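Okay, so subunit A shows up in both of these, paired with subunit B first and subunit C after.
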Partner chain A sequence: MKQTLLGALGIALFLALWEVVGRTQILGISWPPLSDVLAELTDERRRPLFLRALGATLESTALGYLWGTGAGLILATVAHLLPALRRGSDRLAAVLNSVPSIALGPIFLVLLTRESTPAAVSSIHVFFIVFVSVSSGLQRATPAHRDLFAVLGADRIKRFGRLELPAALPSLVSGLRLAWPAALIGAIIGEWFGAPRGIGILIINAMQNFQIVLLWCAVLLAVGASLFFYGLLTLLERAAYARFG
Partner chain B sequence: MRPLLVRLVEDYWGILLLLFAWQAWVVVNSFNPIVMPTPTAVLGDLVSHPGVYLGNVGITLSIAVFGLVAGMLVGTGLAVAAWFSPIASGLLNPLTVLFSSVPVVALIPVIARLLGYDTSTVLAIVVIITFFPSFVFASSGLRQPPPGAEDLFRVLGASRLDLLRRLALPAAMPNLAIAFKLAAAHAILAAMVAEFLMGTTGLGYLFAKTKSDFQTEQAFGASLVATVISASAFLAAGWVEKKVRERYS
Partner chain C sequence: MNVAIAIDKVSKRFPLPGDKEGVLALAELSLTIAPGEFVAILGPSGCGKSTLLRLVASLEQPTGGTVTVNGAAPGLVSAQHALGVAFQDHALLPWLSVHDNIALPFRLAGRRIDEPAIARLLELVGLASFEKARPKQLSGGMRQRASIARALVLEPEVLLLDEPFGALDAVTRRQMNVELQRIWSARQITTMLITHSVDEALFLADRVVVMSGRPGRILREVQVPFARPRDPWVMRSEAFHRLVDDLTAALEA
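== the complex of A and B ==
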């Protein structure tokens, strides 16, 4: 209870500080007061612009999230069932994760279309996090459990489906939670390479035209989209740990 | 000991497959090198113009390393401060959880507007990006000493400082190693995105400039170098994490 109050106080102090810094212009005109940003964000005339950008980015992020999760799950499962492939797939995942996102943009632009590049860049970010969390989760079943399954005559597939996969669920859900902000970053960077609309486009345009308040609005939209789903996934994670942890 | 060739295939089949697919894809579609060069052409450019890359690699790498160290020091330092004061940690914790789930890349333009478009801003961005994981992981590590150990220290009359030095900090080491692993690979990539957006110096700048000059081979060369550095940093940090875990837990 005391912790919650202190936490709320901390956030309130931060928001108040933001407003004061903006009003007094200590950091110059690049730091607008929170109230100005909120006024712009809720402005009727801006609403269609914001909704279009947010919609496009969320759509790319969701697509990339699905693709990345699927690919991560598949590679982690294959590497788990065929141990000979494990070392190579670890390295492949590490290297894919190390390719700069700004280089992925031009590659996907050639491989796919302008519209699907954000989702593709986003899926690479998600893939790595899901792959790592599922790989480590699949190894969580204890030797005692494995012995029990062996004694009861379970084959490799049964052991995987009934023991190792459920044991990996909490780890997968943690990965899914961490992957959401990463997916959003991927979509925003992907949009810089010629996507027709999105928050990434809004950020770049506002930055280049010195529309400071609009830039902050776009950043707040990205932050809001990140936090909202991150919060939802945190709840899902708690449920998964309660059931399978 | 496995034979070298078997080891090579076992460890690198994925990467070899990827490079092969890239080469085949470009050759089959006969792309113009301006649109998409082959990996062999990119490698060729790397070998024939090492000077162009070396200078920029030096800049980006030193920013990444310096930013990584500074960010981890600040993060751990604040976590220790919060460990001493329950009020400070109560105030800071939800804020840092909020911030660590914020897409930091979206903040780069704002930070650039605030601090100006130069190299020190790139450094600030790397520091901020590495700060959050180290603060979050260090805080939770400091609070997870082995059960009962804290009581033992109290009974033996240890001061708060002893408790920190001999119990909490060692207990936090494995967590700090995880934060290091997460941040090490990202530091150089974050530096590159910031350089790309602001057009200052370094690998990100080299990428942006050569890309717009249609020197696509060099742009991909810059990315390839960044990939190799970042992947090596990740694998090396993973090794460090394993050693730390063996030593401290």
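== the complex of A and C ==
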């Protein structure tokens, strides 16, 4: 309770400071007051633009999130069940993760369409996080549980389904929570390679036309979309730890 | 002679990094357990008694000698789901209820879940009203009772108990011993109990085997003379105390 109160106080202080800095222009004209940004954000005439951009980015993020989660889950599971593939798959994931997404963009642009590049970059981000969390989660079953399953004569499939997979669930859900902001960043970066619309495009356009207030609106939209789903996934994570942890 | 568990000149060496010799945990140890016999293995910690149980459970392979359970290799017996086991760590799955934990051996064996059998066992171990609870919600003694019910649910040919009450306080431990004695007397399964408590060994077993420290060898074997079912009062008899003194002396030798 005390922590929540302190947290709320901290946020209020930060927002007040933002307003003061914007009003007094201490940090120059690129730091507008919060009230101007909020006025722009809630402006009726701007609403279709914001909704279109947010819709496009959320669609790419959701697609990338689903593809990345699916690929990470499948590859981690296959590598776990076929130990011969384990080292190779670890290395593939590490290599994919070490390539900056800015460098991947042009490749996707060649291989895919402008519209699907955001989802593709997003899925790469998600893939790595989910792969790592599932791989480590599948190792989380305790030695005592493994001994028990061995003595009771459980085969490989039953051990996976009834021990390793449930034991991996909290770790998977933690990965899903961390993957959401990464998916959103991936989609926004992907949009910079010529997507027709999206928050990334809004950011680029506002920047190039020196529409500072609009630029901050785009940032707030991205932060809002990130925090909202991050919050939902945190609730899911708590439930998973209470049940399977 | 009829034999359920045959341990014949078994040695077990654990390799150590940078040391070819490694640690010799067991040295040419031989022991036979008859069908329906309850044998307690007593020894100081680190004497290889748990290793002995792990060999019978097919969790380890011997370096030398052979282990058979009802004439077959332990690996085959566990694949036929004919072993029951309870460890010091209760090893209940935290995401399953008490009922589902006890039903787990049926699922792992691919057999139909025998609900009346589970209900009888829940009753026997005194957890009938806790069948929907999760392990987290139970006390340490209740978790061990659930784990013993799980070990018994498939009516195994052999029951392996590795210090199942080792983590409990003295009072709960004594209660659990009394209960296990009652449960075991109802269905006499070939049982191997690993323990370092002399009282526990004498109260529960038909025969007590004392092991020496590294490498593990058998120092003494004692037939326990008390008739079954055993009343807890047995533990206050003079004969019981004499045997406790006798075995404690052997342990300290």
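The working rule: the second predicted complex is superposed on the first by the 245 of 245 C-alpha atoms of A that agree within 3 Å, B and C clash if a C-alpha of one lies under 4 Å from a C-alpha of the other, contacts with A are read in each partner's own complex, and residues count from 1 in each chain.
Note that in this section a residue touches a chain if its C-beta (ideal position, glycine included) is under 8 Å from a C-beta of that chain, and two chains touch if they have at least 3 such contacts.
Computed from a prediction, not measured in an experiment: that's the story for all the values here.
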Clash or fit, subunit B versus subunit C on superposed subunit A: fit
Subunit B versus subunit C as contact partner of A:158, first or second or both or neither: second
Vertex subunit A; arms to subunit B and subunit C (CA centroids, nearest 10 degrees): 90
Which superposed partner A:147 touches (first subunit B, second subunit C, both, neither): second
Partner chain in contact with A:16 - subunit B first, subunit C second, else both or neither: neither
Touching partner for A:107 - first (subunit B), second (subunit C), both, neither: first
Residues of subunit A touched, compared between subunit B and subunit C (which is higher): B
Touched partner set for A:166, first subunit B, second subunit C, both or neither: second
Partner chain in contact with A:222 - subunit B first, subunit C second, else both or neither: first
Shortest span in Å between Cα atoms of subunit B and of subunit C, once chain A is used as the common reference: 15
Common ground on subunit A, meaning residues reached by subunit C in one complex and by subunit B in the other: none
List of subunit C residues in touch with subunit A within their complex: 57-59, 78-81, 83, 85, 87, 89, 91, 93-95, 104-105, 107-109, 160
Subunit B residues within the subunit A interface of the complex: 9-15, 17-18, 31, 35-36, 87, 90-95, 98, 101-107, 109-110, 112-114, 185, 189, 192-193, 196-197, 204, 207-208, 211, 216, 219-220, 222-223, 226-231, 233-235
Residue numbers on subunit A that touch subunit C, as the complex places them: 142, 144-145, 147-154, 158, 162-163, 166, 243-245
In the complex, subunit A residues that touch subunit B: 2-3, 5-11, 13-14, 27-28, 30-31, 84-85, 87-89, 91-103, 106-107, 110, 180-181, 184-185, 188-189, 199, 203-204, 206-207, 212, 215-216, 218-219, 222-223, 226-227, 230
